[in-house]
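Chain lettering (A, B, C and D) follows the sequence in which the chains are written, and residue indices restart at 1 in each chain.
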Amino acid sequence: MSAPDRHVLGVVGSLRRGSYNHLLLRHAASAAPERLRIEVVPDLIDLPLFNEDLETDGLPESVVAMHERIRAADGIVLATPEYNFGVPGPVKNFLDWASRPPGRSPLRGKPIALMGASTGRTGGTVQCQGQLRVSLAVLGAHVLPSPPVLVAEAPGKFDADGNVTDEMTRKVTGIALTAFLGLIDTLTPTP
Amino acid sequence: MSAPDRHVLGVVGSLRRGSYNHLLLRHAASAAPERLRIEVVPDLIDLPLFNEDLETDGLPESVVAMHERIRAADGIVLATPEYNFGVPGPVKNFLDWASRPPGRSPLRGKPIALMGASTGRTGGTVQCQGQLRVSLAVLGAHVLPSPPVLVAEAPGKFDADGNVTDEMTRKVTGIALTAFLGLIDTLTPTP
Amino acid sequence: MSAPDRHVLGVVGSLRRGSYNHLLLRHAASAAPERLRIEVVPDLIDLPLFNEDLETDGLPESVVAMHERIRAADGIVLATPEYNFGVPGPVKNFLDWASRPPGRSPLRGKPIALMGASTGRTGGTVQCQGQLRVSLAVLGAHVLPSPPVLVAEAPGKFDADGNVTDEMTRKVTGIALTAFLGLIDTLTPTP
Amino acid sequence: MSAPDRHVLGVVGSLRRGSYNHLLLRHAASAAPERLRIEVVPDLIDLPLFNEDLETDGLPESVVAMHERIRAADGIVLATPEYNFGVPGPVKNFLDWASRPPGRSPLRGKPIALMGASTGRTGGTVQCQGQLRVSLAVLGAHVLPSPPVLVAEAPGKFDADGNVTDEMTRKVTGIALTAFLGLIDTLTPTP
């Protein structure tokens, strides 16, 4: 059995304790190929509201720390809900800080996989993921094209202990993680 | 000369002092049809990061105050930059709070006009406005369809005192504000 | 019992015979408020591929005919599938022809309601509707904001005779049509 | 001097003779790294309107031929205008045919670069490219993340012979093509 040689951040896109996206990432961490270690980070998006005036004396400390964690990782799995047919404000705020300063974003060249769980029935965060794909591209990140991991009507797909019980969700998450490891290996070959 | 009988909030979508969107709204306020009073509000988006756990004991105070201002207004002019080909995090965060609780958003039925200024050359916030249009629709707001007010390469279109000098910007802003007053009158006729 | 005094086109967004969107419009026509007559038109999108060179001697005949039908109607209900997370090519092609010539589109000021049925599970055409909303806005059309009529996994929601059996679909379609009649009355009051 | 060892299709997204996107691709073909041969194909999108009923006896001949050309190529450069803040109908129609049958699209795994020229001032096809990015991802294509090649106000950027005269356009096109060759080499290494 091989030890993990790829380390990715599992960024939770909701600040709510007990978020389904946190649980989805916990599942991903346990179901990932053994070479892939997913470190679930529930508070990486907990940052001040973006304001260019806050950059006068350099980026805020919490932003600098976030940048360093991204730089040190081989990739990111971002699991996020969708709010009002779009990216949640706190998630976009995180990306906006991660884009700074222009041209030197730690996201440039970074492999990224998107996942999402929502309580509603409308697409399981598909619109959120589409918007993220567009924003991440202009930052130069490499987003895994497919399969999309979209978990609609989340409450029926987890048990009381927060484990994913839905077979389709388990299957597509597994396929996506294997493909993501492949993307990481392709984009950043190791010696 | 008629006194203003329609009062709308001019919501600034950037927290930066000296924001071009603040200046654009200041121009809009002075150039609006005399029946339309635009109250420029630079800090309405200054809210905590959205987190459903913060709603346990009711909406946060700043959110309640924001809701009340929206409810009291005949409409909203939202002037916002675009970050990373999308809605700025703080603006989407504002909308996410304005959407609560589900089904009782103060934005329901509210007439809204979108404007945007950006320093870049790529469309003058056109992607941001497209995303906002989709989110505002699902909340039941009535967004003015056209003309789009898109101010690209903003630094060259304002003078040192922050006045709009670009003729095209002045013209399209004027057309949009007149159309917006018409939309308000159509949707919410007064006796 | 009042006779219908509002006539809208029910534009089918799929060329396939037996299209679920055709069936959805047939249902809408029978379930509409009695003042609203929906004329289902299965072939209005059957047009040449858009090519500006075809406009040299004026718009093609089929396009002129389509424009006339739109102009004569009090509104449009567009029911369309989603292809590849976006607007179907033939539907966008229809809109592109309906946008001509610039500034004189028959869609300007026209009330429009969007509906969609898809066989897949991903949102029931929600991304298609978002893109349509953006395109229709720049053309100056007034798209009903909400509720969205999104019919995912369509095969399970119609019976063998093509009738809508899904209660939620029937309910939301009814609410949307009533709201649409209200929008038409608001935007284009009759004497 | 090395002979070209990578062959990509330059798909023109407009059927108009004298299309700026055709000219942009012609420029790209001449300015590409010498290892990259771009074959400009002005009529690959000239296909019937998508209709599932046309697939009863297999895909139409013109679609089969298009699939074969895509399969034989190392990648695609798609240069397309934007119509009404979205993907042109004929271009989406091309993608919809290229997506068939489900799960066996010739676009799966294919490297793709997007470019666009528009006569208007609003973003140089940025919204079209965003929508394409979302559709291409679900088909499993690998779209070059950045830099975006966006040519607004095209008439002022070409000379009477159709050559690109705008320095910024020449520069960003060159950067994008070099990056695209790098992406092809990364995704599909040759022995």
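The rule we apply is simple: a contact is a pair of C-beta atoms (placed from the backbone, for glycine too) under 8 Å apart; a residue touches a chain by one contact, two chains touch by 3 or more.
Since this is a predicted model, take the numbers as computed values, not measurements.
Copies chain C and chain D of the same sequence differ in orientation by 180 degrees, per CA superposition (steps of 5). Between the interfaces A-B and A-D, more contacting C-beta pairs are found at A-B. Of all chains, the one whose Cα centroid sits at the greatest distance from that of chain D is B.
Look at where the CA atoms of chain A average out and do the same for chain D: the two points lie 29 Å apart.
Rounded to a whole number, the gap between the C-alpha centres of chain B and chain D is 36 angstrom. Across the assembly, chain C contributes 85, 127, 130, 134, 137-139, 148 as residues in contact with two or more other chains. For chain D in complex with chain A, the touching residues are 130, 133-134, 136-143, 145-146, 148, 186-187.
Taken in their complex, chain D has these residues touching chain B: 85, 121-124, 126-127, 130, 148, 150, 152. The touching residues of chain C, when paired with chain D in their complex, are 14-17, 45-47, 49-53, 83-97, 99, 127, 131, 134-135, 137-139.
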